[in-house]
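Below are two complexes that have chain A in common, paired first with chain B and then with chain C.
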Partner chain A sequence: MSIFHSINTSASALTAQRLRMDTVSSNLANAETTRATINENGEYEPYRRKMVVFESKDNSFNSFLQKARVGSSSQGSGVRVKEIAEDDEPFKLVYNPNHPDANEEGYVQLPNVDPLKEMVDLMSATRSYEANVTALNATKSMLLKALEIGK
Partner chain B sequence: MEPLTKISTLQTPNVLSAQNTLSVTPGEAQNKFSTSLKNAIETLNSAQIESDRKTEALAKGEITDLHDVMITSQKASITLQTAIEVQRKVIDAYTEVMRMQV
Partner chain C sequence: MSLFGNTINSLERSLDYASLKNQTISNNIANVDTPNYKSKSVVFQQVLDEKINNQFSAKRTHPKHIPFSSSAEQNTFQIVSNNSTTYNNNGNNVDIDKEMTELAKNQIYYQSLVDRLNGKFTSLQSVIKGGR
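Let's look at the complex of A and B:
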């Protein structure tokens, strides 16, 4: 373990939170998109809300083996993105017979994006990012303080 | 009684190894010191080069993660600070030796 271990951990969290922010932007931008993908019937499908799934970085087989062999718990090594999952909540139906994508009854399928939820996610991602930057700066000032020992 | 015997067996090899390190010739010691110094300076240099490369890539617009660049530059800065501190210590020790009365 190097002196930069905790900095690397914070860096992985920053990358992860930035990706979360990207998905929120994408969800908000596509909140009204009725033509995102084409399904097997050749019809347009609305945009599906995307969510980021995180996992701990040190859950490889090797690290578990090491843990079992040495018997000590590791101090962790950050976070990484496991997948970008899609929300399977049903699409919103809105009555709008003049819309080009309206069905026979006059209903349009809109994406399952809730702007309110996205705003909460956005703030959560921002705050997480800030917290990790603070942790990083604290680590840095600790390292610099250590250099002052014996001065 | 068990711990006491353990301590005595532990201490004997330590004394022996202390005598062993004394038998290292000055040339060997200097060589060891210079290699470790060289390695440390090479690590410092590679950190600086990495930071330089990332800053250039950022200026060219090739990098997507801004924090990555900042963190690399901070790492390089901390490594440099450490190197400066060690250098200060070494020079202090040198001047101390030079002031010694013969």
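Let's look at the complex of A and C:
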């Protein structure tokens, strides 16, 4: 049990939430990108919305062993990003025959990014980030207080 | 007679408890968006068990008799997960308001413990100096 355990826990969450915000920024930036990847037919595909998947860090062997031995779970060691998943939702079709990427019928495939969803996600990430900063500050003040013992 | 008595030991154990609790709360807040995460809390499991199991009080008539209560001093608190509820659609049950209040409470608790510990040392020092 290290004294900086709590700080590391909060730091892992800050990193994870920051990555979530970065992903939201990327989604919003690419909301109109029609040429993001090249598929197996050699054609351009629009940008696919990306999502961050979180996983608790204490799904480790150690934590299960402790739970089996003492009957008590470990205090946990934060959060980590398991993967950046892509949204399988179909692309939006917009009629725009003059667009260079329009198909024979005149429809253009646009990314499956919904700005509304992204803004909600961004707000959620911001709030979580703030909560973790508060937790970090609380830990910091406790550690500084501990240094005053016996002064 | 020990110089420090029992006060410092109790304070020390309480500080351990508060520190572990802080780690647990930090972890809960860190996992507020993790699917299927269940919140954890620190409980005095063993103290609770002793209270439940030792409802009869018996007097030892001889000091060599085996004591009725085994008072293990270590690890009186345990971390348990609350698996019974679900707040969120993704199986997560971290109540952020509860965690933030617990965090604030725990912080004040910790600081008051440190204050008390320092007060204890100051009074000991005053005794050692003969009140001068």
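As a convention for this text, the second predicted complex is superposed on the first by the 147 of 151 C-alpha atoms of A that agree within 3 Å, B and C clash if a C-alpha of one lies under 4 Å from a C-alpha of the other, contacts with A are read in each partner's own complex, and residues count from 1 in each chain.
The rule is simple: contacts are C-beta pairs under 8 Å (C-beta built on N, C-alpha and C of every residue); 3 or more make two chains touch, one makes a residue touch a chain.
These figures come from a predicted structure and were not determined experimentally.
Asker: After lining up the shared chain so the two structures overlap, which partner does A:S12 touch, if you call chain B first and chain C second: first, second, both or neither?
Answerer: second
Asker: Quick one: classify A:G76 as touching chain B (first), chain C (second), both or neither.
Answerer: second
Asker: Contacts for A:A131 in the overlay, against chain B (first) and chain C (second): which applies, first, second, both or neither?
Answerer: second
Asker: Check whether A:A68 is in contact with chain B, with chain C, with both or with neither, and answer first, second, both or neither.
Answerer: neither
Asker: According to the stated criteria, A:F4 is in contact with first (chain B), second (chain C), both, or neither; which is it?
Answerer: Touch status of A:F4: first partner only.
Asker: For A:K140, select first, second, both or neither according to whether it touches chain B, chain C, the two together, or no partner.
Answerer: First partner only.
Asker: May I ask you to decide whether A:L116 touches chain B, chain C, both, or neither, giving the answer as first, second, both or neither?
Answerer: It touches nothing on chain B or chain C.
Asker: Which partner, chain B or chain C, is in contact with more residues of chain A?
Answerer: Partner touching more chain A residues in the overlay: C.
Asker: State which residues of chain A lie in both footprints, the one left by chain B and the one left by chain C.
Answerer: Touching chain B and chain C on chain A: residues 10, 136.
Asker: What residues on chain A touch chain C, complex-wise?
Answerer: Residues of chain A touching chain C: 5-6, 9-10, 12-13, 16-17, 20, 53-56, 58, 70-79, 124-125, 128, 131-132, 134-136, 138-139, 141-142, 145-146, 148-151.
Asker: Which residues of chain A touch chain B once you look at their complex with the stated criterion?
Answerer: 3-4, 7, 10-11, 14-15, 18, 133, 136, 140, 143-144, 147
Asker: Using the touch rule from the top, collect the residues of chain B that touch chain A in their complex.
Answerer: It is residues 65, 67-68, 71, 74-75, 78, 81-82, 85 of chain B that touch chain A.
Asker: In the complex of these two chains, what residues of chain C are touching chain A?
Answerer: On the chain C side, the touching residues are 15, 18-20, 22-35, 37, 40, 45, 75, 78-81, 96, 99-100, 103-104, 106-107, 110-111, 114, 117-118, 121.
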